[in-house]
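Working notes, beginning with the structure itself.
Note that the chains take the letters A, B, C and D in the order they are written out, and that residue 1 is the start of every chain.
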């Protein structure tokens, strides 16, 4: 009997440890990323580091302004086309397509989500970049190429989360709306979508987070010039590319500046995620 | 007494299962008709054939004819949307849309093309008054409707139906989720509404059927067993099965 | 009837969006299959690369990918399932700790892989002196996939009917015995789906792996050996322009691997549904 | 509700878990130190080479041959970059580091041992379709400054120049800047790629591109232009006439022993140098 109790206690402790592991992991990650990045940010000055457009790390000029704007530009351009397309597909799958067809589409989306980012980057480099160079002009390696590849990559996130949000809306809403003489589309646009809006916004924000954090695919197709892009066809460097691009040869302050770039990225993503989970919590408390 | 709805040989199939076996039933204008019977007897299915809401369920097939004012609602020329505007429906669980009280009521009229603010205001007020809800909510009609109590929500849903100016109102166990006080308010409201509307109500509660309805139909296993004036059916049932049911021998 | 006309247009637009998605997928996969199929033969799969990947096959990178993924799963699965059990079965979900864990998992899930790579590089590779190795890469990947495994396991455990627990307790069984004999078996298919999906993520990861497991072309035998995964190999082949034919072949094999993984995941989902 | 003491427990237990994993890791990596010459003179064990991506292909081929010659040995070759090569050797993550530039002052202060594996010319490469055959150093500098932006200004057809650059810190870029740019900085409008191969890939596919790449990888898919009329060839580099070149260096933290020494000896031997030449670099000792 006593032995039984002892092993029960032991099991609980073991489970508690495994639950604690992820908390510990995030603490260590935070500590190490900050420890490596903060000193340089402090040295350069946060304003200068974030907004200075001059990145000449070998000459002591550490400003990631161009990269911050670059990340935002590529991300924004990718959202511009993938959000409408993704939400429309989600609506189609949840409301319009016959269930069997919706299942097939869901498989496609799943597959799209499963393709590794290097494969997307490779495809972008071999197909999209030359296409842009030959048909639209410029070098090909550009904001546009990045936006196309990133948009494809975040489609699954947007579609899946929006679809779940739409499916979670009580079907009574639709029944009631139809019973009032609304058409199917009127029901979708005036009742279902407004009711699912917080879930759809979550989908967009998570897609945005994924786009900002994506590295390899972007690195391969954007040309990585550390200047403000002046057109869709101009090359651009994102924060993530900056890290992989220069990690190999960086030393001293230069390396620290790359870690500092990672720190900025980390803080940005954490804030984005906290905002989502807090607003979702507020959403569930406000709702029925 | 005018016949509002004339149902002939209505059959409904869900895939292989036959849910209704040829229902013939006349429903009269400005009267309350109650449909009673044990769970799964087909009464709700029948109700939903009247505004063709069954069609939303995959694999459903309906046969037979239903005439609304002598027009077959299952004929090809019928516009389902226009039909549903004429035949409103109140569901078991009050389902208010996640918007303000005002927007809930204005939803239907807006969909049907009314944009004038003044006109909408008056429709909202009129509907809420008719649903006996105006006094309780007039100070907060721009607040979220989700904040209302269950009974208020159900009356809000009725007001929302009234706002589209239907001729027939279908009610599918509208009181089953309500407390006794809300229920009696609802029954009172039904009594007032029948002056203007034709009402068909599905209920589990035989006392309720007896209190509110003029006619009652008893359903069992997809058949309409007996249909007559409410008083006759409860006091003097013709069929053994009806008698067994209303005396509580099964169900 | 203007609305009807408008609705027809909207319907067309909706279906068009699905068509675009399908075309994108078919385009990418089709292109890679067409270009990659000629590179694939038994040699390509069974031979190690030589001359930096210009010649030979990709066997060592296949082994490296599988090895690294297994190590990551070996670390992450017990931790993730344990955390799920602790939260759901020991009723800690609604405590402060449960909330902190939920936030933690969400944050971990959102961190970009390059940040994991940086962290793994300074912590495992340098600070703990594990070097570029399967172990460093596996630990880094394990942290990356931990949130997925925890969440899917939680969902699987929640789906187990409450009656199982009350009946088992009523028969005098202990908590752990109930978990071991009733809950885990019932939740297993759901948990396995989560594991398979995480494996897919580990197989496809490149940025984090490059910085923590290295890019050595040798055959990894020891857990302390460095390794190059297929995804990293594809990146190097493509970006260095070493051999486009082999790059396509590698890309195709990665996609095939992901297809197999997705198929397995769907298969286990179907099993859950049947239950 | 939430108990602070409990929290502390999680932290401690978790730390222990991670530490134990860490110990497993360290325990494993210590095996490397057994990489000594056996009593019979047979080589065994494993070493890791890390660093410059320019040197990586040479190291990989050398390692392959070395391992066939001495079965039972294992030579792992990593990329990472020149600076990582230095870091890796200093932190003992790697046994041998590879660097594709002269060591910096602060790196020399680490007391590293240097072994020059080869010389590498830096070719100024353009697309084979480009009509331009040669440039002066002045023209090249002005192209990279962003002053010359059209090929017609240097005798080519009327098309915008696609400028391709390496990332900051790259050994190739360091050498190029030192030898061509002097004190001036390269235009930040340039496309940046982080490997020789990536630069070459762009030049192959974009007929208006110009970039600088290791002479070792130059083939008929790109065209190396003459600089000041001098062609980029091994002879011209050894003689010093072609000025844009840099060394490939192996470094170790201390006097190399065992397998590391054997490998470096092999790389510097005639046999090893022959491989280096075969792969396209220039040997100081072997023609």
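Note that in this section a residue touches a chain if its C-beta (ideal position, glycine included) is under 8 Å from a C-beta of that chain, and two chains touch if they have at least 3 such contacts.
All figures in this text were calculated on a predicted structure; none of them were measured in a lab.
*Asks:* Trace the shortest sequence of touching chains from subunit A to subunit B and report its length in steps.
*Replies:* 1
*Asks:* In this assembly, which chains make contact with subunit C and also with subunit D?
*Replies:* A
*Asks:* Would you mind checking which chain's mean C-alpha position lies nearest the centre of all protein C-alpha atoms?
*Replies:* Ranked by how close its C-alpha centre lies to the overall one, first comes A.
*Asks:* For the chain pair with the highest number of C-beta contact pairs, give its two chain identifiers.
*Replies:* A-C
*Asks:* Work out the mean Cα position per chain and let me know which chain is farthest from subunit A.
*Replies:* Looking at centroid distances, B is the chain farthest away.
*Asks:* State, to the nearest whole Å, the distance from the C-alpha centre of subunit A to the C-alpha centre of subunit D.
*Replies:* 33
*Asks:* Between subunit A and subunit C, what is the gap in Å from one C-alpha centre to the other?
*Replies:* Each chain reduced to its C-alpha mean, subunit A and subunit C end up 17 Å apart.
*Asks:* Could you please state the distance in Å, as a whole number, between where the Cα atoms of subunit B are centred and where those of subunit C are centred?
*Replies:* Computed value for the inter-centroid distance: 52 Å.
*Asks:* For subunit B and subunit D, let me know how many angstrom lie between their CA-based centres, rounded off.
*Replies:* It comes to 80 Å between the two C-alpha centres.
*Asks:* Could you list which residues of subunit A touch at least two other chains?
*Replies:* Touching at least two other chains: 16-17, 19, 21, 23, 28, 125, 183, 186, 244, 247.
*Asks:* If I count partner chains per residue in subunit C, which residues reach a count of at least 2?
*Replies:* 97, 239, in rising order.
*Asks:* Just spell out which pairs of chains touch, all of them.
*Replies:* Listed by label, chains in contact pair as A-B, A-C, A-D, C-D.
*Asks:* Using the touch definition up top, name the residues of subunit A that touch subunit B in the complex.
*Replies:* 98-99, 170, 172-183, 186, 190-191, 194-195, 287-288
*Asks:* For a test of understanding, state which residues of subunit A touch subunit D in their complex under the given definition.
*Replies:* 13, 16-17, 19-21, 23-24, 27-28, 55-59, 125, 130, 133, 139-141, 219, 223-227, 235, 237, 244-252, 254-255
*Asks:* Flag every residue of subunit D that touches subunit A in the complex, lowest number first.
*Replies:* Going by the criterion above, the answer is residues 9-11, 13-15, 17-18, 53, 79-84, 86-87, 104, 106-107, 162, 165, 167-171, 174, 185, 188-194, 201-202, 205-206, 209.
*Asks:* In their complex, what parts of subunit C are in touch with subunit D?
*Replies:* Touch residues, subunit C against subunit D: 50-52, 75, 95-97, 124-126, 128-133, 135-136, 139, 214-218, 222-226, 236, 239-242.
*Asks:* So in the complex, which bits of subunit C are touching subunit A?
*Replies:* Against subunit A, the touching part of subunit C is residues 3, 7, 10-11, 13-15, 17-18, 20-22, 24-25, 28-29, 31-32, 78-83, 85-87, 90, 92, 97, 100-119, 122-123, 127, 143, 146-147, 150, 174-176, 200, 203-207, 210-211, 231-232, 234-235, 238-239, 244, 247, 251, 254-255, 258-259, 261-262, 266.
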